[in-house]
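Chains here go by letter, A, B, C and D, matching the order in which they are written, and residues are numbered from 1 within each.
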Amino acid sequence: MKAFAILGKGKTGWVDIKPPVPGPLDVILRPTAICPCTSDIHIVDALPPEYAHIIGRPLGHEGIGVVEETGSEVKKFKVGDHVAGLGMFLDFRSDEAQAGLAQYDPFGSYPDRLYRYGGTFAEHIHVYDADANLALIPDNVNPIQAAMVTDMMATSFTQAEQANIQYGDSVAVLGIGPVGLMGICAARLKGAGRVLAIGSRRACFEKAELYGANDLINYKNGDLAQQVLEANHGPVDVVLVCGGTSSAIGDALKMVKFGGTISNVALFWGEDNTILPNQDWGYGCVQFKTITGTQVKGGSYFVKKLLNLISYGRVDPEPLASHIFHGFDKIEESYKTMSVKTPDLIKPVVLMEGLKL
Amino acid sequence: MKAFAILGKGKTGWVDIKPPVPGPLDVILRPTAICPCTSDIHIVDALPPEYAHIIGRPLGHEGIGVVEETGSEVKKFKVGDHVAGLGMFLDFRSDEAQAGLAQYDPFGSYPDRLYRYGGTFAEHIHVYDADANLALIPDNVNPIQAAMVTDMMATSFTQAEQANIQYGDSVAVLGIGPVGLMGICAARLKGAGRVLAIGSRRACFEKAELYGANDLINYKNGDLAQQVLEANHGPVDVVLVCGGTSSAIGDALKMVKFGGTISNVALFWGEDNTILPNQDWGYGCVQFKTITGTQVKGGSYFVKKLLNLISYGRVDPEPLASHIFHGFDKIEESYKTMSVKTPDLIKPVVLMEGLKL
Amino acid sequence: MKAFAILGKGKTGWVDIKPPVPGPLDVILRPTAICPCTSDIHIVDALPPEYAHIIGRPLGHEGIGVVEETGSEVKKFKVGDHVAGLGMFLDFRSDEAQAGLAQYDPFGSYPDRLYRYGGTFAEHIHVYDADANLALIPDNVNPIQAAMVTDMMATSFTQAEQANIQYGDSVAVLGIGPVGLMGICAARLKGAGRVLAIGSRRACFEKAELYGANDLINYKNGDLAQQVLEANHGPVDVVLVCGGTSSAIGDALKMVKFGGTISNVALFWGEDNTILPNQDWGYGCVQFKTITGTQVKGGSYFVKKLLNLISYGRVDPEPLASHIFHGFDKIEESYKTMSVKTPDLIKPVVLMEGLKL
Amino acid sequence: MKAFAILGKGKTGWVDIKPPVPGPLDVILRPTAICPCTSDIHIVDALPPEYAHIIGRPLGHEGIGVVEETGSEVKKFKVGDHVAGLGMFLDFRSDEAQAGLAQYDPFGSYPDRLYRYGGTFAEHIHVYDADANLALIPDNVNPIQAAMVTDMMATSFTQAEQANIQYGDSVAVLGIGPVGLMGICAARLKGAGRVLAIGSRRACFEKAELYGANDLINYKNGDLAQQVLEANHGPVDVVLVCGGTSSAIGDALKMVKFGGTISNVALFWGEDNTILPNQDWGYGCVQFKTITGTQVKGGSYFVKKLLNLISYGRVDPEPLASHIFHGFDKIEESYKTMSVKTPDLIKPVVLMEGLKL
């Protein structure tokens, strides 16, 4: 089968490889929509030597598809079902899952969790443990919306769950790419009052406003934390860090209240340390600030619940799709679009042939 | 001063009484908007002998006002401030408050908590511990909205906090008077997906739809639980019980999933027992259903957070005000309107003289 | 193979049946220790017609054993491993498990969850999804201790997790059979201060004292709730209901504080309703009392953690074993001992041939 | 009155000052037992210019006493009552308290919270808001035990509450001075299985063992985190950081599991930054490690609950008292003993004249 694969550090390209064979719990999907993600690009660009074994595998971890083939033990799905759930395929039988942390399962290090069986940029996608990982896409959710669930929504909604947001809280969203934009919605749907969106690009600010941000703060216009403190007339209750380098954590400490929470989903690869300025986090204890970080939570249950939020009108991720491509062959172009980050870019999506919205 | 008071079991009327004198922590308010509440009516109508001591006191526990006089120890407020927070006046220095349950403070039994110093249907309102109980009304929140915070929003949002609502959950709201209508919003703002509103009056259904309910279920059209199970294609995750008699708990048990939560704010006064049908709550354990009940949480912090939700555009309680009266003298008429419950009634509000929206 | 089986309503006996064959995720165990449980007896005695399909299956859901055979996909265990985890075999890939409620999985109704593949009173025990359900028994945990984990400890520790016990709380344990006795420990290990043990038999009181109960209350000596209120100089923070009929919930409501929690593991089979006296639960809301019920939580992770508690000296369930039998053939006698409930009975255990403690 | 006071940076001494006058909510206590604390010493030694206003005030924030005088509004206490609760005097009417964080009240910066009205090393101690801050000492709790509640127990038990300890978890306690030793107990009483105590002094190790630590790890014997990983055969679930410099956070990150929690009460005064090694905290997100810090929670409710734990036999802090002094004049000597830190020091306590244990 054809696939767009990782070929080495900084290198990608098309390959022709053997199609996947499902294990007893697995299914094979024919993709209907896929999205490239900044994480794909980061992994290709950084590719450390210990990840050499993923060379040759299809890239991509976002996408949806139609079931083509099912393993012998699959009970919930049949050929022809249109399903979502492809961010990461998790082992819900693991101790980690039983402790409530399926995303920290023992399938290996970070890239292995994404590409263990090869990614979504392929003619056939191998999904591990389908019953535990996939959800049917409701009739009134379109492919673009469903594709956005699999990482953009799932990541930010996992993050907001960790952030202890209470009714009426002020929430700063630091970084308003597609994950941060969904973070605005995730904060609202946990009861946030004022939401302050921090970014720099006009395209992102427009979407932030659409999604309910009350303040648009440009970090190029001066000290980031100072701007937030002024706009909010004091510290915020919660900070969602959705992008940037590790200095974002220091910025967040400066803008969050005594007893507030910083929830992070940005990956600080390539930086050795994250520095906490002691005055701003209360010398370790006198301000009771909590710092937590998480990756996307997956699983059929969570994906189904997120699809519910779209289906019942609580959130619409479709406006994230700034660049829509048509046809499997456009995967490479979509990947390059994501890499280049033109001013109007939010998120590219590739719709496969013959797909009707 | 003039006040509309409880005069005995089933009796109300105007009285002329001594104006209140604030304690060191207290303030006196001149009301700007007040609302009668079903609870006022229930208490007057039921008035058990042990509550005889509240006879002669002003009725009313909902309302907002302007600070007229401050006790010596009041630090946050000054004469002229426009403030909300009048649902119940709580002692935040109590053990109960320190355990997170300020509403269960030792000020005595239920009516005493409401009318301890006399209620809000008076020319001057006595507020206990102002710094701990009141919040400034933001400029962009109008008096009707603010008045609705003090019980309707505060009650339903407290209830939803107890209900363990997760992203995408289906929530049935049983009873869609003004508290239940705000419960729809409270559920949405905790991340509910599908919201099913259960009532019977057209006026209520219209507001339920406005507030985001996905299903309108008329309990006069057949078995209540059965209708919910059919509409939702299975049990719901959470039930908010916002009205009815104690049989509502049995209905809720029939419609909630294994492991689901029932959160109740209805008061089953006049009924000796609440009956749990064992088959529907798993004979006590095999279905892990949680039943909890609560009254309104108060306090300056919570009221401020609820006002934030209005101020930042997350909820608008103004449409609850189906009947708007103008002038202090209209309190009696508003009270009678609430008692009669005409088909178009949601909630009456009385705006005082000279008030501009 | 030989097995002690359910033969009909109220009937048990020895059968010779085909030994189990493991599925790809499963293992077969040779039992080393088993315990009869009151639940086994209740199910046999009540056996409703809809459970007719379990007739002929081996009884028993408590026990430990040595791995004899492993399915093709089992990764954590090998032949010869000594393992625990047999209370209920759960499907951790289910939606329920992903929602944190593995014990409410879709394997069917209550008895099916216990005897789905036949129980533990057999020469060979079939364990579903071994990797997700079993844990290795540490060297310093003996077979009696390990056997007590599988239901007695697992049930009461699940219950205490639901009970919201805070440091220094007073906890009443209503019913001090083996589950209630472990409930005393579970409460202590969640930080309980005063623990009040409620029962009637001297043997149970002796163990309650050994396990750290501060007060021993005999329900035959007068009104149960009244005795607790007097001993504790007021209501308790938490009630663990570990036995009795549905009236125990009413008793618990009378003794628990405003805002307190009642956590129940007793099964009220054979009773149509549970009656909540409205005055004692605040007419549904004015006392904010929470009632919850649960069955045992299972899974390799939880079982491992409970074994840790024994291994590191936090709790010792061995004193529960009031009657120790030796040899597979003694299962019937142990079962009858459990049924008869002699005054000195706490819990029988059967150690298999050749087992050294 | 006589008092042992802060006289400047690094300077302390006896002063004769005006005795305190209680506000309406306050009481004055005659001390019965006090303890010097490392925090007192740190504040004296570091005294930054912005804290100059505390010069001249009595030192000390730990201690218990007998009520000598009560303010007009005090309801729960009368002259002669023996009470505890002196760690910090908090304003439970504040927004912070209503948000569950009384210890972050607006009384000003860290030293002001301790010495706002002068400390406990005085003939008469001024307690703010007695009803909200004090608890009666039960008859079976002796003065040494009660004095240890006011900071040593209160701090470590607050810390353990933040640490999300589950049944059977492995917990590393980093730093086993008196707070860390109580941390061992706090962890046990939240359900910890294995507890690993990390220190260097023999006197501390002896107490750690007495309090139930399973492993005694000397950080002078090699890499701290490596020793913990080896002893525990893998990472621990939770780390309680109870001492050390900011590098302790980095050590904790190395020893805690994916998804684990680090709860800190050490104060990193005098250090500009805390450095998180990115590889060990998953580059901000891929290991989901939570870092939180807190100061002592106070309040009558919490103090009462901690006294319960002693009264009902769950913990005994008396063995912390390695150096017992008799008489008010010995405060200076006790303070110097704390400063010098002899090898056998755990905690000094001064019992006042005429006190019987």
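Keep in mind that, in the parts below, a contact is a pair of C-beta atoms (placed from the backbone, for glycine too) under 8 Å apart; a residue touches a chain by one contact, two chains touch by 3 or more.
Note that the structure is predicted; figures quoted are calculated from it, not measured.
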> Does A-B or A-D have the larger number of C-beta pairs in contact?
Replying inline: A-D
> What is the distance in Å between the mean C-alpha positions of chain A and chain D?
Replying inline: 41
> What positions in chain A touch 2 or more of the other chains?
Replying inline: 99-100, 166, 302, 304
>> Which category does the touching pattern between chains fall into here: line, ring, star, complete, or other?
In response: complete
> Can you list the residues on chain C that touch chain B in the complex?
Replying inline: 96, 99-101, 103-104, 110, 166, 241, 246, 249, 258-259, 264-269, 271-279, 281-295
> Where on chain B is chain D touching in the complex?
Replying inline: 24-25, 73, 92-95, 97-100, 102, 129, 131-132, 299-302, 304
>> Per the contact definition, I'd like the list of chain C residues that touch chain D in the complex.
In response: 157, 161, 166-170, 186, 188-195, 212, 214, 302, 304-309, 311-314
